[in-house]
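Please see the structure below; I have some questions.
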Amino acid sequence: MKRPFGVKRPPGVIRLRNRPVPPAAPVPGEVLAEVEGLSVRLGAREVLAEVGVRVRAGEVLALVGPNGAGKSTLLSVLAADLPPTAGCVRIHGCPARDWSAPELALRRAVLPQSASLSFPFTVEEVVRMGRAPWTAARPEDDDAAVAGAMAATEVTGFAARPFSALSGGERARVALARVLAQRTPLVLLDEPTAALDLRHQELVLRLCRERALAGDAVVVVLHDLGLAAAYAHRVAVLRAGRIAADGLPREVFTEGLLSEVYDQPVEVFPHPRTGAVLVHPDRTGRPSA
Amino acid sequence: MRRLPTGLAGALLSVLALTLTATACGGPPHAASAPPADGASAPPDRVEPLAGPPRPELPVTVRSADGRELTVRRAERVVPLSGSLSEIVFTLGLGDRVVARDVTATFEQAAELPVVTRGHDVSAESVLSLRPDLVIAESGTGPAEAMDQIRAAGTPVLVVEAATGLDDVGPRIEAVAGALGVPSAGRELTRRTEERIAAVTESAPREGTKPRVAFLYLRGSASVYLIGGRDSGATSLIEAAGAVDAGAESGLEKDFTAITSEALVKAAPDALLVMAKGLESVGGVDGLVKIPGVAQTPAGMDRRIVSVEDGVLLNYGPRTDQVLTSVVEQLYGGGEA
Amino acid sequence: MSVLEKTVREPVTPAPVRGRRTTAWLLTAGLVAGLVVLVPVAAGTGAYPVPVGDVLASVQHRSGLGGGELDRVAESVLWNVRFPRIVLALLVGASLGCAGALMQGVFGNPLAEPGVIGVSSGAAVGAVAAIALGLNFAGNWTVSLLAFVAGLFTVLLVYGMSRSGGRTEVVTLILTGIAVNAFAGALIGLFLFFADTAAINQITFWQLGSLSQATWPKVLAVLPCAALGLTVAPLYARRLDLLALGERPARHLGVDVERLRIVLVLVIALLTAAAVSVSGIIGFVGLVVPHLLRMAAGPGHRLLLPGSALLGALVLLAADLTARTVAEPAELPLGVLTALLGSPFFFWLLRRTRRRQGGWA
């Protein structure tokens, strides 16, 4: 565990001059973020307890669970937004609090649940904000990253429109484009599909797979278990602030576990043609109309 | 600062506005200052110049009230920065040399002159644009920056100590006359004015207990009264009329103090001294004596109200005898009210 | 082939950005040109007539480039009355404009203005106290000095009180500001109560805002604050852009939000307190100027911050020129003029923005 500059830098002004150094490309399987014995208390409520999760390069990790289970809180801890009450958080091998904000910005990108903007910047300007951490990058690289991210999320068509004039789904894709343009090895997405139509939900998760394939680590909070089953390499199920299960989708998604975690009967069955795991609420007991 | 009654009106209106907006003062200022009311004056609002205009003997070097020495070489274009000072220059017989007036100089001979200042609001540039060869100011005329800028342009500035009472009349006349190079005219005017004032003072009844007079500042019928204290400037006028200033007597030092209706009742003044516009704003004497607080005082019950034009009440100068005469008449004349 | 790789080769369309960049250059050039024209006009206009030709001649003479000296009064009016006033108008306008843009950026709220965090009301308390209590320990400087110190102190107080656990919530900050502003209003009322008439008169004029008391020493007093603030502010332009995304996203993009906010609140306080202490309260410049620029050239702070300084200077110089000439030879209070023109204009802006974009965000 070595600090990027070896020695602890003096606080204050001097850091302004020191350009943060981007991380080396991750080795497949390398742990890019991990929490151990994590507890988080917000006010009197224990939101997370005894949580341990590892996020590895080259895989998509889906965080699923009922409302209030602590998915977003866990994502915030992994993003180094929220200090743990107990336990430790490591990002790229170092305790989260040891990184400066500019250093972290080169190592992890975060998509918040809802995207807002105080001033009417255009779509392209917003996506370009994702390049802000790359102070030393060449302008061509910035342009390429921005154009690539916009094309991938299908927002190039309204690049010149003000962000405030977009629909909810369009805003969500622009926000995602900004996160992609940041080009960090660790990508944390909080419900990226919530506002999207069917086609764009698929598109976003395909993008997650691609990033993982390219060697990055992707953590994605999802409500749609079908999407999680189809695209995640690994799934962590949270229940009341604890990890209820962590493993391959086909191992984790069992009728017993899901029915219990969600307090709702759930059916799990293979797709008749492809054999892929399908998760469906069991509606046989519902009152008939 | 010389407290010019008309300036006072604006100031106090602003207080009201400020008090209303005080909680919102982080925002833009919306307390527009009411421009000092134009002294709509009674018909004989004229000064009485000395017979035979004196011939200034210049240059003269005099000492100003601010401690500086100044040399006046010419006095062809004179700018007095208050109504009271204008009055002195005109009464000395040098009115034809005055090229502008303060908004408070409302007497007939000066009324046509362009207004260059509005009390506490001197613009150096406006004054200099008149190319004056002598500027006469009160000790409180400001802002100080503007006065410095006028001096920096090489214009002599005579500062005259602000008047607070009858005793200041003579020294003020003589200070102005000295700087204009007409000291003998100054002495003559001082003598004339002091004789007239003395005559009025002697005419005031001396028998019995002295009436207690409260100087009230009125605007509308809000039951908050501003009562004149020791520094209001009216004390010596009230005393010359053979009365006692109730405000000063009760130990108030400030020029004006806000008191409640009940405090006014407790002070129990025998008469009230008010300014004409203030009286008008409460609906004349009939309106005034009905206001709670006033109604319960001996002054209110006897309708013993002394009203003086706003523009002249505190203008200690060559016309103060007229003011005093009017006060004495109203105070003892059985009250025409 | 992945979606990403495929799209990287597609040509980039930088048209909107480039368009805005051109607008930015044109706008900057226009503002500078406006100042270059307006300054000599303002120097030549006023109750004491000095033709623009004479102004230029006198400036040339003083800078040793020929020209000629004017007569003593004209020379004195020009150099002791008008130039200090013009320079002060430029400095105060630039400070207020830039502080307004910073304020809106820092709080991510287009309706924020420096008054929100208590600079103006704090400065007012200082000035009113100095006038009402007749304090005179620093001569003519007492009022300005006390206004400046009280303005800065109030901001630090607001900031300190709204900080907890090393973090500052914007809403807490604004609510604290409201409470402190109300308290300051009460203090002003109290001082007014104890003030005598002359002091009340002076307080009224101070609160109305005016540059009529401009002198070179005042220019020199404001200059370091304005220079420091106007130099530091553009260094934070990019980070302010990011802050528009919200606090957390800005932090995710490498902005140390808390430090950014401390530094910029201090810069705002410095700029505003210095301006207010010499000119009284001049409203709406800080609020309207950044809006105008955003309408013309977009919300990017790299243009907005220096542009607001330039436009603020231009607007205040024009307003002051109007204030001192429209009611010649008397003078309209500058703060009254800016509020009189600024508030309906701002209302129009609000309506227009609602119509065009359906709101601010």
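The chains carry the letters A, B and C, assigned in the order they are written, with residues numbered from 1 in each.
Please note the rule applied: a residue touches a chain if its C-beta (ideal position, glycine included) is under 8 Å from a C-beta of that chain, and two chains touch if they have at least 3 such contacts.
Worth saying up front: this structure is predicted, and the values here are computed from it rather than measured.
Counting C-beta pairs in contact across A-C and across B-C shows that the higher total falls to B-C. Distance between Cα centroids is largest for the pairing of chain A with B. With centres computed from CA atoms alone, C is the chain lying nearest the middle of all the protein shown. The mean-CA centres of chain A and chain B are about 78 angstrom from one another, to the nearest whole unit. Computed centre separation for the pair chain B/chain C is 40 angstrom, with centres defined by C-alpha atoms.
Within the complex formed with chain A, the chain C residues making contact are 2-4, 6-8, 10-17, 108-110, 238, 241-246, 248-249, 251-257, 294, 298-300, 357-361. Of all the residues in chain B, the ones that touch chain C in their complex are 1, 3, 7-8, 10-12, 14-15, 18-19, 22-33, 100, 114-121, 123-126, 128-129, 131, 140, 142-146, 148-149, 152-155, 231, 254-256, 258.
The touching residues of chain C, counted against chain B in their complex, run 46-49, 72-73, 76-77, 80-82, 115-116, 118, 120-121, 124, 140, 177, 181-182, 184-186, 188-189, 192-193, 196-198, 200-205, 207-209, 212-215, 280-281, 283-284, 324, 328-331, 333, 335-336, 338-339, 342-343.
The residues of chain A lying in touch with chain C in their complex are 20, 79, 81, 100-106, 108-110, 112, 115-122, 124-126, 128-130, 132-133, 143-144, 146-148, 150-152, 156, 159-160, 162, 164-165, 178, 180, 182, 206-207, 210, 213-214.
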